[in-house]
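Just below sit the structures, each encoded as structure tokens.
Heads up, the next two complexes both have chain A, just with different partners, chain B and then chain C.
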Partner chain A sequence: MDSLIIIAQGYQIFLLVFMVSYMIQHFIFTYNRLYGEQKNYYHDIIDDELPMVSVIVPMHNEELVARNILDRLVRSDYPMQQMEIIPINDHSDDKTQEILDEYAQKYSNIVPYSRLDNEQKRGKTESLNEVMAFCKHDIIVVFDADYMPAKEAVKSLVIGFKDPQVGAVMGRVLVHNSDSNLLTMMLDMERSGGYQVGQQARYNMDLVPQYGGTVGAYRRSVFVQMGSFDPKVLAEDTDLTFKMYLNGWKVAYANKVECYEEMPEEWVDRARQVRRWARGHNEVMFKHLFSTFKSKYLSLKAKWDGILLLFVYIMPFLLIIGIANSIFLFFIDAITIVSSLTALVLILAINAFGNFAPFFQIAIANYLDGRKASLKLVPMFAFNFILYLFYTGLGFFDAVTDIFTKRDIHWEKTKRSERGQNER
Partner chain B sequence: MSDSTLLTLTVIFLFLLLMILPMIPMLKSIAKKEDVNPLFMDLDYIYNPKFQAENFEEALYSDDKKFTKFSIGKELDAASVPSKTSHQLLFSSIEKVSLEGKIGENAILHSKEDIIMQNDSEIFALKSDANITLGEKSEVASWIDAAKDVTIEKDADINLVTAKSVRLYSGVKFKRIYADTIGIYPLNKGDENKTGRDIVHEKVHESVEDKILYFEKDNMIKKGSHIHSDIVCRGELIIEENCQIFGSIKTNGKLQVGSETFVYGNIFSDQSITIKDNCFIFGNIFSHTYLEIGQNGQMGRYNLPKSIIGIKGIKIAGGTFLHNYILTYGEGKIV
Partner chain C sequence: MEILQHRSYRTIVRKGLSFWAESTVLLFVSIVSIYLYLAFFYNQFIEYFYQILLQNDIKEGLVSLDIYYYDLMVLDVPFVYNATMTLFIVLIGLVLGIWILLKQKVIPLNVVFWIAFLMLLMSIFILYFIFFSAYYPYDAEKYFGLYLHAYIGFMFMCFVVLSFLLALTPEHFMRKLIILVSTIGYYFLYSFVRFACTVLLVSQVSVVFSPFMYFTIFYDFILIIYVYTVILYKDTQKLM
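Right, the complex of A and B next:
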């Protein structure tokens, strides 16, 4: 029993150290955005000598949004003769293929790629790997089908590759349907927190800004050399991020290169999405954790950030265990691990992690975006946190099951509304 | 009801009240649908240096009441400016105009012909369908746009200039300049009529090997070296004089490019960049901090314009030609 108590007490201390690390990270990022030195992306560069690019748009049953993304891409300010657009029809059984054929007839630089063979494994990872094998150009730009890029987006993303150290570039996602309901409004605020503060602060401080899988670009030749996308990993974007850093490349974050995204409008769809992200992210954590510790290319502070980033979707699971553990310690009267004053500080730290610090980040991000009235919604994130706690916990179990069973990973598409066809 | 029950109920009530208090503005905000519209995205003001001039032109020919308009002849001076007005003042002329004195922070002068701004004069913005000349110590607070050439004399203070060509003299302070050719005067003898000096070596990108020369720490590239690859240095890098680099350079520390060096690619640094005299840089130059360019260099080419950016500041010495965009968010200065 004594050794069990020591393990339980040790776990509480381990958990508190991690929570305090996240709390400090949230505060550092937020203060960096408010008062720190800001690092500009390369969007200010005006250069007519642009490289040839392949823009890839993976699609599965996207008849509601396919026209919208293709229209936006052909209206882009990137020279059309230097850009091939490859929409991938991944086993759609709606009118996606008809729409792609129609656009291919109309625009010579739209080259649809069809994956209709039932023997082929479905999914974004497989689609991207197949297309990377034959697309013509070295710079790959990726948009999801429901995204609505600004006309300058492709050029701005691509200009980042003038820097020979940049292996991937990530733009910023704005929520298109923020006015639909409370969920989409909160997701918009959450997105601001992630991009306006999180990603930009990471870029400012030379940490680990992430490639997000869409509204982003990467060097094809470099990534193919690294073994392309791993079909066993659901979060191909986080996988690419870590592969880039672990091989000495950098991910540049372009805060002003914006693109609209359609967010789930139902809580159940959001919960599934969070679970899927948690699953994929944890797969990447298992894959890259030790290489991140050992990396010769990452500075100490970048390693710290990278490890916290890898652990972010395991924390809710660890927190659930921690709550159960503290109840156990309470009933066996062993909760007093350290002096009561220190315990009080630690409890406050938990509250700061669970409540205040991330909300502070979200609030400041929205303030920087010029949104003031929406700040009143911040208390609602306390309830959101409980939902995330549960579904990211499930995502962690999915990832662990994937490792032990080596089962195939199936991509689940997020439900679209019909709003994608409406212009902003 | 016993005292203890009452106390318990009071505590529960207070707890719920404290929980509900921050929710009241939240619920009101949800009901009113405040701030729910998607964030607006538009990058035109960044990518188009002529954004302000084009907006002005649009407003000029529309019927809106943005401006209080005055037609003028050959002269504009401080005496012709009304003392109190909340509108933006627009002075238009179809003749060559001479501007003298402090015209005010909300006045724009537009002429179909040349504009000559006398020494120590001030105005908000200038637009000409021909040439513009700014006298010594003159100041244009917002923007200058000319269809042909702009000459900016010693110690003038400008913000944004767009033109066919721009001549800058010592002591000029600037933020953004966009022109086919930007010449820093005085030039060397014999260079007066050129838009850029002859290029000794033509583009040789065919020979660039598909690899990156990677330096983990501070490094130095010896005098007279020829390097056929991109260079990435995680520390400071010094390139000694007379080198030829057939690729792009990126440093995480400071970068110094020695005199008489040719770089047939882009230059990026997370820290400052110093480019010594007589260098030719084929590509873009981007420093996250300060950029210093020595005498008689050439950045970009007339037919292949590039950007020269020093986020915190730029200093450029005389005799240098730049094609075609210079930008700083700090202070740009001709030395």
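Right, the complex of A and C next:
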């Protein structure tokens, strides 16, 4: 029994150290973003030699939003003769194909790619892998179908590749339907915390800014050389991020390249999304943790950041064990040593899950964005804690099951509303 | 004309004291306030509370405990152990409540999970007292010792976190100082009310509330979050 108590108490201290590390990391990020020197993206490069690009838009039943994204892309300030647009129809059974055919007739640089064979597996990863052989150019820009890129988005993203060390670039994602309800308002704020502070601070400090899978671009040659997307991994974007860093490439972050997306409007959809993210992220953690530790390309601080990033979706599971553990210690009268620490672990955990930005990071990000009214909502994030804890915990179990059973992974599409058609 | 920075690369220029200087002063204020709480305020409150209980014919003794090297008084109240059947009925009610909560569509899912979590905690504690109440290791002296250690430690950590977070904001230093002192004052008052509620719940209603009140301490942190967001809310004017 004594050794069990020592293990249980040791676990609480281990958890505390981990949580404190996260909080210090996020505090440094916030400080850096508020007062530090900001690393500008490559906007200032004046270069008339723009490269040829392939813009890919994976679509599955996107009749509500397909026209919007295609209209926005053809109105882009990127020279049309240097850009091919490849919307992928991935087994849609609505009017997506008709819309794509209509646009292909109208614009010569829109070249739809159809995946309608029932023997082909549906999914974003499979679509992106398959279309690589079809693309003509080395720079690949990816947008999700519900995204609303600004006129200069493609040009701004592509400029980053003038730096020969950059393997991928990532823009900022904003929420289009933030005024729908309380959930979308809060998701908008979470996104702001993640991008405005988290991503930008990581970029400022030469850490590990992430490629997010959309509103981003990468070099096709590098991508193919690294073995394309792994169909066994649900979070293909995080997988690509770590592949890039582990092969000596950099990911550049363009905070000014803003692009709107639609977020779930129902809590159930949001919970499923979080579970899916946790599943995919943990698969990447199992795959790249060891390589990140021994990487010869990453600096010590970048390794530390990368490891914390990889662990981020396992923390809820560890925290659930921590709560159960502290209850156990309480009832066997062994909590005295760690009594204050247990409470502290829980405090630190509040608001730390979701977009993995603690409350002060979210607050400062929204402050920098000048969103006065939404700041009042920050205390509401405390109510999301248990929901996220539960669903990210489930996502961890999904990932473990994926690893052991080697089962097929199916992409679950996030529910769309008709708001995608609205202009902003 | 002042040209506004694009929000993507907007930063703040600090005026006055540096971040570290401000944090140190605010941290010092937090330490002094906790010292005053331990050395003076808490015992003042408990004596006042004791008099109120006496006036209401609740006659309990006072016990002195060593909390963070200070002698703090606690009421030596007996815990109320409910009948197994009563606990069982409440447990059924809680399980039903969780089931209804998860099925209903009116309350948002995030709030549902939060309430269900609290109900689940309570259910676990009730289960413990149904089967193992004889093994419950705490009496008033031991429990309130644990509670006060946790609460005061927690309160201090809240002040530390708030000190650093206040230093991070572009607000005028004197205003930050006033906000910190007011928050500490409010927190002290709140801690007394919470402590009094805990004493009354465990001594008048049920011992089941003893683990519950201990494990819900952490959520008082919302106060700190609220104070912080209000400050930033006011400060956003400066960016407009």
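One rule holds for everything that comes next: the second predicted complex is superposed on the first by the 402 of 424 C-alpha atoms of A that agree within 3 Å, B and C clash if a C-alpha of one lies under 4 Å from a C-alpha of the other, contacts with A are read in each partner's own complex, and residues count from 1 in each chain.
Just so we're on the same page, contacts are C-beta pairs under 8 Å (C-beta built on N, C-alpha and C of every residue); 3 or more make two chains touch, one makes a residue touch a chain.
Predicted model, so just to flag it, every value in this text is computed and none were measured.
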Touched partner set for A:K376, first chain B, second chain C, both or neither: both
If touched residues of chain A are counted for chain B and for chain C, the larger one: C
Touched partner set for A:Q165, first chain B, second chain C, both or neither: first
Touched partner set for A:L182, first chain B, second chain C, both or neither: both
Touching partner for A:W267 - first (chain B), second (chain C), both, neither: second
Touching partner for A:K256 - first (chain B), second (chain C), both, neither: both
Contacts of A:N384 with chain B and chain C, given as first, second, both or neither: second
Chain B versus chain C as contact partner of A:G248, first or second or both or neither: first
Partner chain(s) touched by A:F14 [first = chain B, second = chain C, both, neither]: neither
First (chain B), second (chain C), both or neither touched by A:N40: both
Touching both chain B and chain C, residues of chain A: 40, 182, 256, 258, 369, 371-372, 376, 378-379
Chain A-touching residues of chain B, taken from the complex the two chains share: 22-23, 25-26, 28-30, 33-39, 41-44, 46-47, 49, 178, 212, 214, 230-232, 247-250, 252, 265-266, 268, 270, 283-284, 286, 288, 304-307, 309, 311, 324-325, 327, 329
Residue ranges of chain C in contact with chain A within the complex: 6-12, 14, 19, 108-111, 113-114, 116-117, 124, 128, 132, 135-138, 142, 146, 149-150, 153-154, 157-158, 161, 164-165, 168, 211, 214-215, 217-219, 221-222, 225-226, 228-229, 232-233, 235-237, 239-240
Residues of chain A touching chain C in the complex: 27, 30-31, 33-36, 38, 40, 172, 182-183, 196, 200, 255-256, 258, 267-268, 271, 326-327, 330-333, 335-336, 339-340, 342-344, 346-347, 350-351, 359-360, 363-364, 366-372, 375-376, 378-379, 381-387, 390
Of all residues in chain A, those that touch chain B in their complex: 39-40, 42-49, 77, 150, 152, 155-156, 162-165, 174-179, 182, 185, 188, 192, 206, 248, 256-260, 369, 371-374, 376-380, 424
